[in-house]
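Same chain, two partners: chain A is paired with chain B first, then with chain C.
What follows is the complex of A and B.
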């Protein structure tokens, strides 16, 4: 999908919600125009939107925006996961790791191999440009 | 035996390192160490025998090179290394509790009854090295909250102004430390177990303890002096690694001309700080002087399976304040799946030293 087509799809999808549409387009512009971009956090996305549109997204809208831009047919962003241990060491997690942890309700610690039941607080979510993004 | 072996592996080997071995040998996987152990123990017949062989070799290598702090020693007198090898070849390994159960770990009760000095456990010789392996008992302290309800009724008034009482408890752990004496013209290596983020002072203490024991045993075997060796200063390697293209820099501590003290880390295994946009721009506009560096490599084990050995030279910014302080005698070599991984890292060090 070219940037132009992508923008048209977003404008059509959110024709009745101008602010949300502008927020999505601000993120799309940023992802398209930034070189060597590999790690966006929720905090960064909120700042991109605020800097470009002056819109201060609510927590709920921020989550909705990322979920929308991660959709398979748009693939502007893709979600990634990391585990942060007690020594602040970061370990990448695959989607399979997360699915299994949710299924079994526990995640093995990457170093000790002990099972962590309340693992969700130790998982960090980030976003990277989707595979079909042209820059 | 297989159960004991798996327990000892889980004590010392990072789960992510064990998983690489599991994948490369196509052994049963598990979700966490407990399930992994259960799935391997469920193997029968040939598959079980083969798994035990693979895991034994892996574990023996982990004792030699897994999660170590390493000090390199150069001989200052020709032939001293050979004398050392001769002296140790003559040495009888005294009977002791750790030696009897080696290479496995001792139960906690047996560990607590041991002296604090290292115990010689084994000597492994191959074509290139004589490895002298010690078992050491060292302690960590942990802070534990004492529930206010545990305070005796008669003493409660004394603690009425306290919201929280914290006690410091000693936690003993067994370590395997290795002195590896090469038969070629390379430095002698002291490798002490250094799991997690072991403080520098504890590593120094562990190295000194092993050195003392080495010379005590050497003296018994007829060696006269320990002054024929000098530690290799690894501090100059920090600059050399940063300026080279070896591996991917995953951690860098540096100071800037404008007074900044910075620490930067890269999240992903293959990402190299040298190529990060922010770091590149910053280091082009201001001179930086590194004092700490972490570098890791990708080594192919099989299709889409890589080991990621890491080297950390953990200098501190204050070491840059005087030339006499630019001394760093240990580095950490971590996440090695095999002896080859470790040798790969040491070869990189050796190339940069030379």
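What follows is the complex of A and C.
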């Protein structure tokens, strides 16, 4: 999907909600125009939207915006996960790791292998450009 | 400048589960799913939220000459905004709703409820015309727009009709919603199991109170 088509799709989807549309487009512009972008947190995305549009998204709207921009046909963003251990060390995790942990209700520590039951507090979420983003 | 406290999977689950009024329906599985089955479970959660939204304003989706299309139009718009790649097709001979994810698709057939015999036509369209039954197209849904009373009895009658008409079908309850149910049967083309979720949108608008009657 070209940037022009992508913007038209977003404008059509959010035709009745101008603010949310502007917030989505601000993130799209940022992703398209920023080189070597790899680690967007919810906080960073909120700041981008605030800087570009003055819109202060609620956390719930921030979730909706990221879910929307991860939509399979838009693929502006894709989700990534990391594990933060008790020593503040960070380890990358795949979606398969998360899925398995959800099913088995515990996550093996990436180094020690110890099973962690309350793992969801230690899983950090970030976003990176989707596979089909053209820059 | 405001930042966000939203950082972890646990916090994301809390925000999605907060039930904030007016928020776009979402599921945690949109973020964590690694295969189509998990995406589909998230889609069903979101679909139910959208159907619930529609049922809170049934006066806007009453049946008219466009039949199922008005409801499907609104539903498609809601699902797209929630982050699902769905497309609607009004042309005769085409499925009403298609969800795509990578190379997989889910096909939805929408029908206004006019009794089990009428639903059977939708079922046959879904299972013998619109789907191949291959592993990339092994799931579908029957969206039943219900303008009558007592959806539970209608759901039970539809289950009985299916069991009478379709050999080797297994019926199971759906953990997401009491009126919905799921079926599995061998697809006629592929012979592989084909999974269908049958869900109801309650759209009867017949208020009995004085102000409701006046607004009808």
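Before moving on, here are some points about what is shown:
In this section, the second predicted complex is superposed on the first by the 135 of 135 C-alpha atoms of A that agree within 3 Å, B and C clash if a C-alpha of one lies under 4 Å from a C-alpha of the other, contacts with A are read in each partner's own complex, and residues count from 1 in each chain.
One rule holds for everything that comes next: contacts are C-beta pairs under 8 Å (C-beta built on N, C-alpha and C of every residue); 3 or more make two chains touch, one makes a residue touch a chain.
Remember, it's a predicted structure, so these values are computed and weren't measured experimentally.
Once the two complexes are overlaid through chain A, chain B and chain C fit side by side, free of any clash as defined at the top of the document.
Of the two partner chains, neither chain B nor chain C is touched by A:33. Once the two complexes are laid over each other on the shared chain, residue contacts for A:82 go to chain B alone; chain C is not touched. Look at A:110: by the touch rule set out above, it reaches chain B but stays clear of chain C. Taking the C-alpha centre of chain A as the vertex, the lines to the centres of chain B and chain C open to an angle of 130 degrees, rounded to the nearest 10. After overlaying the two complexes on the shared chain, residue contacts for A:72 are found with chain C alone; chain B is out of touch.
Between chain B and chain C, the partner in contact with more residues of chain A is C. Aligning both complexes on chain A leaves chain B and chain C separated at their closest CA atoms by 16 Å. Only residues 35-36, 38-39, 82, 87, 90-92, 100, 104, 106, 108-115 of chain A touch chain B when the two sit together in their complex. Those residues of chain A whose C-beta lies close enough to touch chain C in the complex are 13-14, 41-43, 45-47, 50, 56, 58-64, 66-74, 79, 81, 94-96, 98-99, 102, 119-125.
Across the interface of their complex, chain A is touched by residues 1-10, 12-13, 15-16, 18, 20, 23-24, 26, 30-35, 38, 77, 80-85, 100-102 of chain C. Interface residues of chain B, counted against chain A in their complex, comprise 10, 14-16, 18, 31-34, 36, 196-197, 265, 267-269, 271, 276-277.
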